[in-house]
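Some structures are shown below for you to check.
Below, subunit A partners subunit B and then partners subunit C, in two separate complexes.
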Partner chain A sequence: MKLVSLHRKIERNSGLLIFGILVVSSIGGLVQVLPIVLGDAHGAPAAGLAVYSPLELEGRDLYIRESCSTCHTQQVRPLLAEVKRYGPYSRAGEFAYDRPFLWGSKRTGPDLARIGGKYNDDWQRMHLLDPRSVVPASIMPAYPWLASRDADQGRTIQARMRALQQLGHPYSDQDIAAAPAALEGRTELEALVAYLQSLGRSMAGEPQP
Partner chain B sequence: MADMPSQFWAGWIVVITVTSFLALVWLIVDIYRDGDLGGEVKDELWDETLREGARPAPVWWFWFILALMAVSVVYVMLYPGLGAYRGALRWSLGGQITERFADYETQFGARRRRILELSFAELAHDEETMRSAWRVFNNHCTSCHGRDAGGQAQQFPDLSDASWQWGGSEVQLSETIRAGRQAAMPAWQASIGEQGVRRLADYVLALAAGDDGSAAQAEGAGLFQQFCTACHGADGSGNPVLGAPALNDAVWLYGGSRADVMRSIAMGRNGVMPTFGGRLDETQIRLVAAWLSAGAKVPDER
Partner chain C sequence: MGTASYQDRIVTAFTACAMFWAVLGMLAGVYVAAELVWPTINFGQPALSFGRVRTLHTTLVLFGFGVSALIGTAFYSVQRTSHVRLFAPGLAWFVFYAWQLAIVLGGCSILAGWNSGKEYAELEWPFDLAIAVAWVAFAIVFFGTIARRRMESIYISNWFYGALIIVVAMLHIVNSLAMPATLGKSYSLFAGAQDAVVQWWYGHNAVGFLLTGGFLGMLYYFLPKHAEQPIWSYRLSIVSFWAFVYTYIWAGPHHLHYHAIPEWVQSLGMVMSLILLAPSWATMVNGIMTVSAASQKLRTDPALKFIVLSLAFYGLATFEGPMLAIKSVNVFSHFTEWTIGHVHSGALGWNALITFGTFYFLVPRLAGVPLYSARLANVHFWLALAGVMLYVLAMWGAGVSQGVLWLSLDELGEVRFSFNDVMAAMKPYYLLRFVAGLVFLVGAMLMAVNLARTFAGRRTIEVAPPGSRVGAGGRT
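Now for the complex of A and B:
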């Protein structure tokens, strides 16, 4: 068969051309994306990885609301200098319960993938409310409103957990029932600090690299 | 290899990759066989009266594309990419960083092990070593303790003075960095009342000023004997094992004003030094401890 004559035919028939483009452009996705989404090679949770508690989950959504990932990444790349500075490089299984993942793409501030436990809660609170109080040269904005706002003002924590449950996150019905009580009387500041303190904990104690 | 696809998906990747590759080769060779390469500009009628000049691709383009295809075949033979096949070079990202760490060990291993053997005094003697120690401190510790290790925000202790809440010996300093510390000063407001807090604060302030026998402090002295001596000692000299600071000196972590001291007594203090054992290796811990022990002198920037 003459492929060149087929080419003439395709170029003169827009319906056929659209179909051809869809077929060809899907090949990359079929090879690179589909095996990851449907297969189990990359989706298995890392050993020691726990789902986010209601408070941490609320903190994660605040991290998204305040656009923290504009300036902070959450991925330690497999480079000597990064492993030396931040700890073991990030593995796929660490992000099994991150929907969406918050890897980010620009480091105006430091990487936060292994920030959990590096500073105590007091430092995290002071730093969020007024970064210059503990890091004089910091250019990070202050987030004073976090301290005066209650966590989960929209009362949506159960709906959010149910959505994740349907996507396969191992939340039990009791977990979801108890969630509002866990957020009762907590501020947004406490939620965000709880989330930050959870980051990278599943890899704690892993030997380098 | 945990990150390799399972058998089914490996087959899936191989079949689609090889099929689409062969189809591309077929297409390119077909264009060549058509004899359409390198010819003159042809006047093509596209749709009724729509005309366009079409120049055929040059011959070098054909060989160029074919050469690129050959390169891609060599690539998937050498590197992972075709299903679960790992490639002849057995290259992996994890393997690459392991190699980098091996190079690092070759370059610095002996020097790093030597740091573990030298005494703090010997380490402090070497300017270059202290510069390295300062870099580790600057990277991991300054956010809380400040760039000059002078403490910050009436929360994070001054490490450049001779006062050590958890002890200043080699072993104690290293252990504080390695395993972290959790202080536990209870809140006394409920037990001794506001009046008690005030009297106790006055007594402790007098103690710090070196005046512990004054009759005016009698009531505070009684409270101190009753509630504070278990941790802070009868003379207020503290106990590094419990992290109970000395109260008979002028060093105040949480502030030395009457209001600060009253707040400490009334509400308690529960300072936390995080664990750095997982973040710093033994060489780095020893470097920082030695630097602190030698007075935490910030070297001149070069």
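Now for the complex of A and C:
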């Protein structure tokens, strides 16, 4: 058996085994993942996509801190029922400033990709503080602590914006210098609501299919 | 411990920690299951709210329980299949302490709200670095031991453990690339759709090489050992191993069907997922044929029963997976409880059960005494079977309902059911899953007691590497 005798060589040489596994397991990633990561087609921002303001960025980082994405997706699939329910389907260009992406993998709650503007700020605040006050059967957790905590308690907004600037987000040095003032006196609740209201706005002008 | 014997104390240490993380991680799972039924039981505590505890659950069961079990059994079997002691035992203990410390502190950091936002890789960059260092040390100990082996061939189980080590290192390093902003916050080097493709290349293959490949290493050593039979077909092992290593990597995009990524990538991911059925089932056939030669033992030995049942669930999960990867099925299953059912038929039915069977076999050998109570182990077997069946059935029911109701349109082409109506209909399923989880958890707790009692009655034993005798681990 040629196969078996070839394999005898590999399984008697640990260096060869390691090398073999490395090569064979890399092929898929090199052909499938690398072109997308290096190409521009899926990384370029959509026309009209704005970078997150300091308050929205703070809200987004709170969304990550509370792991809202374990229950909420941000991805409308191009299916009729889904577009009817949530709005225009998602395009790659909308997510160019999302680090990390927050598409999620489970809809315990509804999709939030088009939530911006669906409710007013008051509703959003009430809902976050006690979801059952507006949706009696809701199984979403309440987030009462958001109201009593100041946004950016750790005073890290500038460090965070600078990190994103280095990754290529179009923040100017002036934007970064002005950021702490923009968060002054705001609560975590306001920041999170600002983020939610920003979701889907770059598609506001898109016609409903 | 004498200098000539195998290093088994470190195996005991990893086994004990794996058991601890299993109980704690599943407790977190039961708690989040309860929160979906009674949403107010976090009592307004940030650290107890669903998002954080769910993240803790996946981190503890995957990296606390799963990885501790894998490193422990790798250290046990690599010595016995190589007929030498561990290479660099000091480094091996470093792996142990570094890993457990990373899980303890990492778990606390998640409850405190540190989170990178990437699924199954939520730990922030300082932990990513620590994990990478510990993993490289693991690789050095493992491959160092193999390089010094006194056997000519490297046994099959070590190919799988080896693939686990190499591929997970590659996935972890690439997917964790990030720009730190503060000690507890970093931003992914990749953005948006590109980040999604990298993340699921990581996420799917963490499942592939950790939850599948790593545990297949466990299977290939402990099943033949336990059944006292050589592996049924050596040639099938070779083919299925390399097909597995090659194919798995391509399948990640089945997590992104109909998302904003290129169409060709989705289709390729779907085709490769279907092909994956072949090597997955080839391994299952190999395992079942091996154990069928020892069917006598199956009736009396609770440990072997666990392993055989785990093979059945492995077969189920690796059949269901390719079906879910078909785009027209995924349209319904995606984002629903069906995925959760699939996850736990694999995680409970395959990963947890094979580990339980292995530990029931391993701990009496480490302790040098018979199992404290075989009856208790039998009770555990039935609790585990009932728990996992109930869990999976509840989630199938819930998932198929969600999938169909969400997409259903009325005569006018409008959505027929509001989101909140469908949410309310999930309540009985969530309650059933909570009960199922509780049953499964109680079984695992019985096991922890049983193993602790067994170990408490231990006699000092030292097993030395045989001079030149062949025979560890079935055929070598």
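Some observations on this one:
Criterion: the second predicted complex is superposed on the first by the 201 of 209 C-alpha atoms of A that agree within 3 Å, B and C clash if a C-alpha of one lies under 4 Å from a C-alpha of the other, contacts with A are read in each partner's own complex, and residues count from 1 in each chain.
Here is the rule we use: contacts are C-beta pairs under 8 Å (C-beta built on N, C-alpha and C of every residue); 3 or more make two chains touch, one makes a residue touch a chain.
Worth saying up front: this structure is predicted, and the values here are computed from it rather than measured.
When the two structures are aligned on the shared chain, A:Arg107 is found in touch with subunit C, with no touch to subunit B. In the superposition on chain A, contact is made by A:Asn120 with subunit B only, not with subunit C.
Contact with both subunit B and subunit C is seen for A:Pro78 once the two complexes are overlaid on the shared chain. By the touch criterion defined above, A:Arg12 lies against subunit B and subunit C together after alignment on the C-alpha atoms of chain A. With both complexes placed on chain A, subunit A has more residues touched by C than by the other of subunit B and subunit C. Looking at the shared chain after the overlay, A:Gly154 reaches subunit C, while subunit B stays out of its contact range. Legend: residue contacts after superposition of the two complexes on their common chain; A:Ile21 is shown touching subunit C, with no touch to subunit B.
Touch criterion met: A:Ala92 reaches subunit B and subunit C at once.
Applying the stated contact rule after C-alpha superposition, one finds that A:Pro170 touches neither subunit B nor subunit C.
Within the superposed three-chain model, A:Val135 lies in touch with subunit B and with subunit C [touch as defined at top].
When both complexes are aligned on chain A by C-alpha atoms, subunit A residues 3-4, 12, 27, 41-42, 78-80, 85, 92, 135 touch subunit B in the first and subunit C in the second.
Residue ranges on subunit C touching subunit A, taken from their complex, read 35-37, 39-40, 42, 44, 46, 49-52, 54-55, 113-119, 122, 143, 146-147, 152-154, 159, 162-163, 166-167, 170, 174, 179-182, 185-199, 201, 234-235, 238-239, 242, 245-250, 252-253, 255-256, 258-262, 265, 268-269, 272, 331, 334-336, 339-340, 402, 406-409, 413-415, 419-420, 423-424, 430. By the touch rule above, subunit A contacts subunit C in their complex via residues 1, 3-4, 7-8, 11-12, 14, 17-18, 20-22, 24-29, 32-33, 36-37, 41-43, 61, 64-71, 73, 75, 77-82, 84-85, 90-92, 94-110, 131-132, 135, 137-145, 154, 156, 159-160, 162-164, 166-167. Against subunit B, in their complex, subunit A makes its touches with residues 2-4, 12, 27, 30-31, 34-35, 38-42, 44, 78-80, 83, 85, 87, 89, 92, 114, 117-123, 126-127, 133-136, 204-205, 208-209.
On the subunit B side of its complex with subunit A, the touching residues are 2-6, 8-9, 12-13, 16-17, 20, 26-27, 30-31, 34, 36, 46-47, 93-94, 96-98, 100-101, 104, 139-140, 142-144, 147, 152-153, 155-156, 271-275, 278-279, 281.
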